[in-house]
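Scrolling down, you'll hit the structures one after another.
Here subunit A shows up in two complexes: once beside subunit B, once beside subunit C.
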Partner chain A sequence: MNSPAVPITDTYSVVAPDRRRWSYTLVFSVIGTAVTAGFVVGMVALFAWQTLPVLSHSGLGYVTSNNWHYRQQMFGALSMIVGTLLVSAVALCVAAPVGIGAAIITSEFLPGRARLMVKIVIELLAGIPSVVYGLVGILYLRTFVYDTFESFDLHSGDTILTAGLLLAVMILPTVMTLSDDALRAVPALQRQAARGLGLSRLSAVMHVALPQARIGVIAAVLLALGRALGEAIAVFLVVGRQDNNLPTQPFTLRPLLESGQTLASKLGGAEINIAYGDPLHWAAVVGLGLMLLVMVGTVTLLAAALTSPKSAASPPQPVENAPKHARPTKTHSTKGTSDALLTARLAQEPAVTRLPKRRKWLERFSIGSFAACTLLATGVMLAMILAIFYRGSSALSLRFFTEQIKLVGADGGIFFNIIGTLLLITTALCVCTPIAVAVALMQSVYLRERAARGLGMVLYLLNGTPSILFGLFGLVVFVKFLGWGKSWLAGGILLGLMMIPIVTVALVERMKALPKKYIEAARGLGLSKSQTVWSVIIPQSRAGLVTGSLLGLARAAGETAPIMFTATIFAGAMFPRGIVESPVLSLPYHIFILAQDSFDPRVGEKLWGTAAALLMIVMLLSLIALPVRLRIHEEAVSA
Partner chain B sequence: MLKLAQDSACCSTETVSPAVLEARGLSVSIAGRPILKDVNLTIQPRQVFGIIGPSGAGKSTLIKCFNRLIELTPRAVVSGDITFNQGSILSGALHPDDLRVRIGMLFQQPVVFPKSIYQNVIFGVRRLRMVSRRALPDVAEAALREAALWEEVKDRLTDSALKLSVGQQQRLCLARTLAMQPEVILMDEPTSALDPRSTEAIEQLMLRLKERHTIVLVTHNIGQARRVCDWLACVCVNNGVGEVAETACCDQMLDNPCCQAVVDYLKRN
Partner chain C sequence: MTFGAILAIAAPVLADILKINGSTTVNLPTAEAAEILRAEKAMTIQIDTQGGSAGGISALGDGQVQIGMSSKHITEQDKLKYPSVDFVETHIGEDAVAMIVSKDVWEAGVRSLTREQLADIYEGKITNWKDVGGADRRIAFFNKEPGRGTWEVFAHFVYGNARKAPPVSFPEVGGNEEARNKVAGTRGALSQLSSNWADGKQVFALSIKNDAGEEVAPLAANIANRKYPMSRPLFLLTNGAPSGDAKVFIDFVLSPRGQELVRKHGYLSLDQMVVDGK
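Presenting the complex of A and B:
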């Protein structure tokens, strides 16, 4: 304490700091970003290139004619395009109102804690693998549709409507969470000012908060639409997969009650494996992927453009309802008399004569229906989880987890399926983490506004890309070009690429929330940019990395589409020995195959057991991450 | 009670008319923490009633009680009573939304909606359908004139309100409130975000508005209090809880305060 003041240079000597001319951090960041952007560009280019033969063969007829008979070399995809649009339209018509209504309740009416609970439930709903949705669709929704529309004399419960309703449940979380975010981003002061004028709580929401959040809400619906357009697995299981079935009676319910085919469900079918032998057929199949990519890409980029900071900073200011007869200013000689006149006028002619008109019943009805939306959304979720665990519980035993599959799924357990899935997602994590860190650094440290926005668009696009297209890409590149056959490594890489946007966005959000003063303090000590990255930014963003990775892993664990052609088989694989021709078993693919013939009751039991096991893994991963993740996210949104 | 009697004695020139707003034994706590304790205030019609006091004492909380906007704060509990024209506002006879129509409010930061100037002025009357559609332009003009903004914006009513300067925005907010013809206008530090000229404009307005309205003004600016207020109340912190230390007519309070807390507060300003 009382040591004499020693000049600091006497105690030790310092050397000039080591300054490199270029930084490894920047190189690392550039490489990761290049890989990501290269993948997106490469996928588009690859699909376009591989599609060329069918375009020169069929011309415009490829999209305008309705005849897909590959044995006769006829490829007209119209019915699939129409099917895709119909299914998505049904999904959107259900999910948009319900999701927005529920978002109004969560963001405007629920107190903090209840809100968080609902958000967690909804995010869990978002995390349920699509193959599980498909399974629930097969066993419950199909029957429900069949029974409800009995009078229409349906051929089966596999209809466009069934697929649309299932998709509605699947995209509901997207609409709801993003609309909720948009509403929360409207400053509380705006609502308070409206309340101060005497508007009721609901009017303040409807006339102040919602109009200001409209761009975000539209973007939410667009992103949900993108998801609906691209969903393959769940739709595949319930849409009936009827080729060339173009609706003949428009403006009736009939087209919705027939089996159909969508672009994505076609790509999920076995025809893909046949197609590779014939260049023309293959081109036709990849063309479907290209169309899907264009549709989803357009919708996603539109949403991204709407919500990009530029348009948010200066929201479009429509010149609205000017006074119908803008009156010429009355001329008053002096200010004093003007005031006197005015006061006199106001005194004798009270403009505001009526008391406020309030329509209480309308208000109650609206709030009631919004609340019903919230209950519906959360109720569906809880019912699904309960149903799966209830039906799967009889299969769950120690043996089920430690034995291998026997009798085509009717007996034995899922040991190697679990191993396979764990191997796939571990690989995915190893692939994804460095790239995501690199991209996040590029996005939040190195790039300035415009370029950062461009990179944000790429991430948006990657996030919106339907998972079946990752599968198609993998089939071309890994299985065929590189000649790996089905390989766990290919599956891991594809899943890793899929995870990039999830992890990156989580990291960027965290980095953005990092108080500027820490960075300034570090720079003030003379640390270079990259030294600041490793000493301040990355350590402080760990929470974002961990939670983002967990959510990404949860999503990767449940994906079927990227791995079904590239990495996984139904039976007969154990621990992989190499890379080439070394597939693994996996949980989602197991469910996907068994769900297609779930009539054997013993298979049914194992099937639900597998679904329960997969759900446990997924929910565990998300539940560890969600509370922290949501908190970080909330801070980022309201900031 | 004793204090009040003494206060009115020292400003005996004041005519005694029925109070517009009256707080009786008002206490507020937020999340279990007491913020205000046992506040008694009487606000006479057609005057500017100022509330001063150190930061964090609970002035904003108090003023928000008068139009029940405090109820938007999560976990805020209000006890005691407030009467508006002799009727209790907490009893439920008057719906809080209707109360807020008759007791308007101006915030520290001007809060304009991202709409046109015209739409901002008529926002409340239009949403609550208080006038016929035809009369809306008249209402807008009258309100803008009353807020001394008409001359500045009459040629660009359809422009975005966000383009106005902060001072103009605050007067726009005032016009928006005036359009509803409130009896009382609550103002929570309405000029603290403004430049001196806009501040002067708002002060002039207050003096004019008090011919027809009652104004409750929270201010940190002693000079402003002296210029516009008729009566003053000083909210001070006592044992961590806000209390009304003293109420008196303006000059009495500023030149000759009785309470030590007020003396300290005035000395620091």
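Presenting the complex of A and C:
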């Protein structure tokens, strides 16, 4: 799906504030920041404005009534709101315990190398495009749910539960990676002190590390929730898309075993095309987007507020709510080599060497179940990748990559789909890079703490915005208002905007890690702020730019939702010759369409082959970024 | 092949792009015709299937495409929505919408449904196959999503007019493969689907029992003489009489080679349709 969000933590001015003077660098930085903030504000304003007609038509009933029948001009979206919440709840109930359990293992129990391996697997899992998840969901998960719950007399295998389980796998990397980061941020000293006081390894984790990391863990779960709420493509393929199916038997399993519809899955469907041109219907559709934006925005901002430096129980602060027996750690929480040595020695010689038998079993059981979580998470990932390559391998040949589509996908290859996807992500990179550099400079060089935090919130919000909403925005602005029709440029711009937070955060992390003395040396040499930026800060942070861009590109390459209404078609596009009415083919859209519409058994093989090809591109990008990214990230987290 | 592809791209740089959008049903022969014309006449043709027939009509109405693909007639509402567009329908073939069922339903002996039974199932009055001669199993009905030509044909048959169809709540299916796949994988499943997708192995096409008690299967002969009630014309739509590249394209689809493609994908070509004075 998406690369896990990196929480935007505190920023500080890399360069000491000096006489504020306008320079080209500052202007560049201001423009980039204005574009980013303007896009976020503009999208909210546009959606709100376009929603007005349905509010005056249906009033509050738009959100409180359960009757969506567009032919009868009835628009009550309640069942979609409920469906969204149910699907996300299922996803969280599965992903949160598994993800946190696995994070406890990776951060607390695994030796360095094994931890790295697991992290790599999870990073790759995070990179699998949602349309590929959807494909796997159609073929395996739907049947699994249908057979498992046969005694409930299911209508079909497309249920809220199916969608929720699929989402659980999709958000698992976010929960796991961010929880792992939060746990790693708790100083080792504190665990050692706890161990020294006789706590078992597990108790040290459960009573010291986890309570201290709880804010970070909650934020991780909230961010994952944001992703779950907004996922359109994968849910679309397995939720059944049944309108107005409000649960009638709450507090049973029944509502989860029915088909349903979510806000995002509705936006991924055919009604979008029908609605445009009818102001009321269109308003009702855009209103769904607005509701989704409000829901995801609230969750995301909550997570951002929690992790902002002021409220977070960040590592150096004393423990406040730790259980009583952990309290003495306070006395050891001062920094100093001698203390470290002392606690390290204490850790080697636990005061209590024997646990009562029952405790011991409980402890083993807990660690065992956490380990099972880790195995489950990594196992699911590897199984998915193997399944895709296994099923797609028969299609993979040189011809497959060099020929164009024939026979509506049953023959030929995906040459122009690859070209289209490459063109889209190259454009996205060109759009994103200058903006991300400008925003990162604004964030770490020009803004003071409070304003920087505000900008961080904007990035947070942008990062959390469901990709289907980029598509909706692009449809209104580029396709219709600017009259571009479907255009590669529109798709490239939208994907570029989506990438901004990922690249910016990677850059800012790197800028923060710059040794102060570099800047001081530059200042000492009499360099101006702009000169310092271009000759020291940017060159020194380019690793952040490169890895951030690669990760952003990996995400952009696999996205379907932003481009399906704005940039790609199924067949016939080659190299675009202009901007207006110049669509391209693409890999994710190809999979999305063939998953629903293939007339020939041969399509199946090509479909999986396309998924394998897309996966290869995405994973190649993630893998190149991985070593540097992990190093930078570890430095930033444990700094 | 890469080299060939690049040459193929270089050639039509000056030509206009012919854009087509609409029904997934019409798409099959159309897309193959486009492949032939791209190769033989170096035409640049872009095809998409967003939103089914309704998507084709609105894309043509909005001027985004030169040809819309539709498996239903243009309605008065369409004309009202796009008053400046002169919709012209070119009939390229005929297709039947079948009520398809999963294997277990077929094997339990359900072979036909009447119009009244279809209405009752659609309105939720009949929810078990045992009420229509099958086994005791819940009817898992998948409704074709709004805007699809298939749904319009079904609603027109059952209610006389698609607008008279009551609002219902069922899981919806979009593309033909999605419908086929879901019916094949669900016990007690029923859905509306283009009849040629019923393979007789995993999904089976029911006959329609008419008022005379006669079971009419969606076979070529019954479609041609319009005895089978849920058949539909396949159209290529243009704004005004076809001209330029659109005319070249439509002429090709109407030519013997184009009509062969229509037959190849399981539809009836125009010469197979009995001219019964209708």
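The criterion applied here is as follows: the second predicted complex is superposed on the first by the 568 of 639 C-alpha atoms of A that agree within 3 Å, B and C clash if a C-alpha of one lies under 4 Å from a C-alpha of the other, contacts with A are read in each partner's own complex, and residues count from 1 in each chain.
Simple rule for what comes next: contacts are C-beta pairs under 8 Å (C-beta built on N, C-alpha and C of every residue); 3 or more make two chains touch, one makes a residue touch a chain.
The structure displayed is predicted, hence computed values, not measured ones.
When both complexes are overlaid on chain A, the residue A:403 reaches subunit C alone and has no touch with subunit B. Contacts of A:575 after superposition on the shared chain: subunit C is touched, whereas subunit B is not. After overlaying the two complexes on the shared chain, residue contacts for A:517 are found with neither subunit B nor subunit C. In the superposed model, C is the one of subunit B and subunit C that contacts more residues of subunit A.
By the document's definition of touching, of the two partners only subunit C reaches A:157; subunit B does not. In the superposition on chain A, A:192 contacts subunit B only, with no contact to subunit C. Judged by the touch definition given at the top, the superposed model places A:142 against subunit C, while subunit B stays out of reach.
Counting contacts as defined above, no subunit A residue meets subunit B in one complex and subunit C in the other.
Residue ranges of subunit C in contact with subunit A, taken from their complex: 1-2, 5, 8-9, 13, 17, 19-21, 24, 27-28, 31-32, 34-35, 38, 44-52, 54-55, 58-59, 61-62, 64, 81, 138, 140, 142, 145-148, 163, 167, 169-178, 181-182, 185-186, 189, 197, 265. Residues of subunit A that touch subunit C in their complex: 67, 69-72, 74, 138, 142-143, 146, 153, 155-158, 240-245, 259, 269-274, 276-278, 399, 402-404, 406-408, 415-416, 485-486, 564-565, 569-575, 577, 581, 583, 593-599, 603. Residues 111-112, 189-200, 203, 207-208, 212, 315, 317, 319-327, 329, 338-339, 342-343, 345-346, 350-358 of subunit A are the ones touching subunit B in the complex.
Interface residues of subunit B, counted against subunit A in their complex, comprise 67, 69, 72, 74, 95, 97-101, 104-105, 107, 109, 111, 113-116, 118-119, 123-125, 127-131, 135-142, 145-146, 154, 157-160, 162, 173, 176-177, 179-181, 208, 211-212.
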